[in-house]
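Look for chain A in each of the two complexes below; its partner is chain B in the first and chain C in the second.
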Partner chain A sequence: MNSVSHPKTKLSISRHLKILAITLMIVLLLLPFIALLPWAFSKSWYFPDLIPEHFSLRGWRAVLAPRSRLIEGLINSTLIAGVVALVSTAIGLFTGRALGIHKFRGKRTIELLLLAPVIFPTIAVAMGIQVTFIRLGLANTLPGVMLVHLVPTIPYVSLVMGGVFANYDVQFEDQARVLGSGPFRTLFRITVPMVKAGLIVAGLFAFILSWSEFMLTQLIGGGSVITLPLLLFTFVRSDIQMAATLAIIYLLPAIAVLGLTARYMTEDSSAVGGIGVV
Partner chain B sequence: MRVALLLTPALSLIIILFIGGIVLAIMQSVGYLPMIGKTDFSLDAYRNILLDHRFRMSLGLSLYISFVSTAISTVLAVACGLLIRSVIRGKKSLAFIFQLNLSVPHIVGAVAILLLLSQSGLLSRAAYALGLISVPSDFPVLTGDYWAFGVIAQYVWKEVPFIGIVVLAVLTGPTKDFEAAARSLGASPWQTFRRVTLPILTPAVLATSIIVFAFTFGYFEVPFILGRRFPEVLPVLAYRAFTNPDLGLRSEALALNVVLVFVVTNLIIAYRFVIHKYIR
Partner chain C sequence: MTSNVKLIDVSKHYGGSSEPLVIDRINARIDSGDLVAILGPSGCGKTTVLKIIAGLLDPSSGDVLVDDKSVVALPPEHRPVAMVLQKPLLFPHMTVEENIGFGLEVRKTPRVQIKERVEEYLERVRLPGFGRRYPSELSGGQEQRVALARALITSPSVLLLDEPLSQLDANLRVEMRELIRQLQQDLGLTTIFVTHDQEEAVSMADKIFLFLEGKIAQQGVARDFYTRPATLPIAKFFGTKNLISGSVNGDQFDASFGSISLPHSFKFRKAMLMIRQESIEVGLGAANSFRGVVEKVDYLGTHSLVVARVGEDKVALNAPPYLIVEVGSVIDLRLPMEHLWVVEDPT
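Right, the complex of A and B next:
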């Protein structure tokens, strides 16, 4: 009897430990958000109140007031991330095809070159290129900022699309061509529909990377191109209520993108999801 | 030919903007600064920073933060990955919560950690409610502190899911069959983990950890918000020198960036070594 009940208690202890560990993990992951949220909805939240005494929308009013430049930041951030996502996805379509389907000499070197911006600090690129961008008139402009944002996005779209094209069957295109379809028709009626899910995931990654980018915008935008992270940086030092409120606004599209990505991603490609934002 | 055409857009952008940016950084660090009328080659910037004790303290701090953050994140990520895999019911929702902060911008994470760990933050208030402290200054200094606790906490919070996703992806492969084989041959759970699971995880996890190390080493925003004023990490030191109105400091700012690039280059060599040793 004893020998039967013994493993049972042991099992139940390990079960309890497991539940404890999972609870601890969830709490630690969510705790920073719990510390952030009340600030956006409180009037004043003084130590030692654990819960704000008065509910208030002061933070929202302050952030939405014209002098906070929220609308400008929101428009710029959306515009930059949107264009960067579209352009990078188009680039990724070509790069992914080359890397996923074709075998050629020097492929590993090219892969390494394309992935290098992931691992090298963007700050060095931003500081190195700034003077040249000023001379070319690209600094302090939206197109200039969009252009440098391609540096961090290209590696990810190449990686995602390379993976997609590695499982791609070129024969469908051959059949279309045999049946008389031209190259453009083949591209838009066969290739793009077949890799659509990959293109969406790549586009969402590029959007998030551009949306989160601070240093490249700060140095190339030169203070003329204001985006949400730049505003958030100012608010952290000046008004924590506004910072918390803006942080929530800034966070929502990122969470939405994660939800969307999850829909388009199969389980084995979820590893790529992690690389989305280091 | 076709391949060259397909690769042209990505390669030309990376070569012009990325390689170009780094080459320009190196040129400016050795004195090529036509905008302030200097074009003579000189290694003064490097001599200045190498003789400056602030640089050595910054380099030490940066290496310390990246090393500790990466080590803790890696261990916790493997633990979390194994834990999530062992769950049967609610696995999908758990994996989603685990991935939640992957897409959270680092600045938001830094602000949230600040509001959690500062002396008037949520944890400090909780400590008061429990009767552990009576004034904010009783609470340990966890942000802007000597040990860079806040910075490391933010990196660990962000990077555990990043490495964890890789762990989960590797674990969904044929790993389970190998583990079952080991168990049926009489290996204990610990032996199975040590001799089967860990060796399978090592290449991918090590490669991801190197990316995390390099990333945290060159990152600016988190230590800027959560770190001390002195000493500062290398990217913050470089940023202050770069934005200083004194353009004479430009070369030194760029030299600091070249040091960052140099350290990361060595990491990539290590990365390639790891890939070669384990994956091929």
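Right, the complex of A and C next:
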């Protein structure tokens, strides 16, 4: 009897642990965001008040005023993240295909080199690039910032797509070719649709990475390219209500993207394969 | 529209030139309208040959001619061939209709015409009304038929099939075999198919190319492979049970149990006498008759498989089902001269 009941208790313990872990995760993730709300909707919030004494929209008025450069930051952030997502996904389609399908000598080394910009401190990478970009006239420009954002996004996208292509049968392309389809048509009619879910997940990842990039934008943009994280950083030091309000605006696309990715990740299991690699 | 195919000294090795040859100086001629089987065990290079004809692989040397024009410089999409690979490989994001029409869509055929032709080919592969389905809603046999329709609709001059039946279960395979043969004859289409299943090759093909270790070991009609194999490995591949060692002496063969008259002389000495077990007769005759002792009997309904010891050798034969044979009894065998064949014993 004992030996029968024993695993049962064990199972329920692990079940409880799992529920506890998930609850802890949600609380830890959400708590900082909840703390934003009182800041964003009050005039002041002093110790030892549990909730602010006076409700106020001052933060929102200040952020939405033209002086705050919110619109400029929003446009820049969206534009940069959009272009970066598109370009890095297009590159990741090919690098990922090569990594996922071909076996070649030095593949491990190349995978490691791809990760290098992620492993090394951003500031070290950015300093080297800045010198070159100044010489090329790319410093302090929108295209310059977009280019430098590709440094961290391409590795991620390549590895995600590498995982997707590891579960992909390249014979589909051969089949299309022997049916009379040229290489370009095969790419757009067969390859891209077959890894579509993976491309979307990878693209959304790249969007979020670029959207939240601070250091690279600051160094290469040199203050002339204003994005949301830059504005946020300024406000954090000067005006906590504005910072909290902006943080909420800043978070919305990220949450939307998370929701979309979750949908695609559950919709097509082949796309999830890529996430496992990262 | 149908064409002949010639392979001239085609060789292929992967990697550097020091790598071993996958196929070694293949020469073959496939006549217009023929259904030809490339038969061989796995890893003998037969799929490589097909991929070279399709343009999915470049030969390391040699030439491929379709209607006496070289095609090796052409990319696969510009060759007058269509290929069905081992797996059906239906594009999962397209319906059956779109899959079948793909080859026409690529050739910029007008939509209305594509629709008509797709209907026609759905009929041909006996899947009318399946157009709107997705590949994931089909069974293995249905997928394979869609794959076949998708290749045929492009009106290729040559159809290449890479083990198209290997993933199907036994009764479906027979059905598909008949369908392929019928479509091929209706369209008069030159067809080359690869298989490791000799029964498949024998039942379908006008001509068989037997591949062993990257070379064409023998080519010809099916019967030749059973009754006149060129070498010992071929005889074994085609399931010859009776291989009696001995030596050739003009048109005589000296075995452990006596001398046997051959239909004609063979040029080698150390050899193996072969006779299909279904060609041995029970009972005494004028020539080539021997007495043996029954060692094993398996009654199989249509015949009994009997193994008898004759001298130092064992001989297998199919005895008629009405003949009652007992283990340990004496049996008289006749080896009809016209069914005898000799292959060289390389040892």
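We take it that the second predicted complex is superposed on the first by the 236 of 278 C-alpha atoms of A that agree within 3 Å, B and C clash if a C-alpha of one lies under 4 Å from a C-alpha of the other, contacts with A are read in each partner's own complex, and residues count from 1 in each chain.
The rule is simple: contacts are C-beta pairs under 8 Å (C-beta built on N, C-alpha and C of every residue); 3 or more make two chains touch, one makes a residue touch a chain.
Remember, predicted model here, so these are calculated numbers, not experimental data.
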Checklist entry - With chain A superposed, do chain B and chain C clash or fit? => result fit
Checklist entry - Which holds for A:D174: it touches chain B only (first), chain C only (second), both, or neither? => result second
Next on the checklist: By the touch definition at the top of the document, which applies to A:A116: first (chain B), second (chain C), both, or neither?
Outcome noted: first
Checklist entry - What's your read, chain B or chain C touching more residues of chain A? => result B
Next on the checklist: After the superposition on A, what does A:I34 contact: first (chain B), second (chain C), both or neither?
Outcome noted: first
Next on the checklist: In the overlaid three-chain picture, which partner chain does A:D49 touch, first (chain B) or second (chain C), both, or neither?
Outcome noted: first
Item to check | Three-chain overlay, closest Cα atoms of chain B and chain C, distance in Å | outcome: 13
Checklist entry - For the complex, which residues does chain B have touching chain A? => result 2-3, 5-11, 13-15, 17-18, 20-26, 28, 35, 80, 83, 86-87, 94, 96-109, 111-116, 120-126, 128-129, 136, 157, 159, 161-166, 168-170, 172, 208, 210-212, 214-215, 217-221, 225, 235, 238-239, 242, 253-254, 257-258, 260-261, 264, 267-268, 271-272
Next on the checklist: For a test of understanding, state which residues of chain C touch chain A in their complex under the given definition.
Outcome noted: 54-56, 75-77, 79, 81-83, 85, 87, 89, 91-93, 102-103, 106-107, 150-151, 154, 160
Checklist outcome for this item: Per the touch rule, the chain A residues reaching chain B in their complex are 18, 21-22, 25-26, 28-36, 39, 47-50, 90-92, 94-95, 97-98, 102, 104, 110, 112-114, 116-129, 131-132, 147-148, 150-151, 154, 158, 208, 211-212, 214-215, 219, 229, 232-233, 236, 240, 243-244, 247, 250-251, 254-255, 257-258, 261-262, 267-268, 270-271, 273-278
Item to check | Partner chain C, residues of chain A touching it in the complex | outcome: 169, 171-172, 174-183, 185, 189-190, 193-194, 196
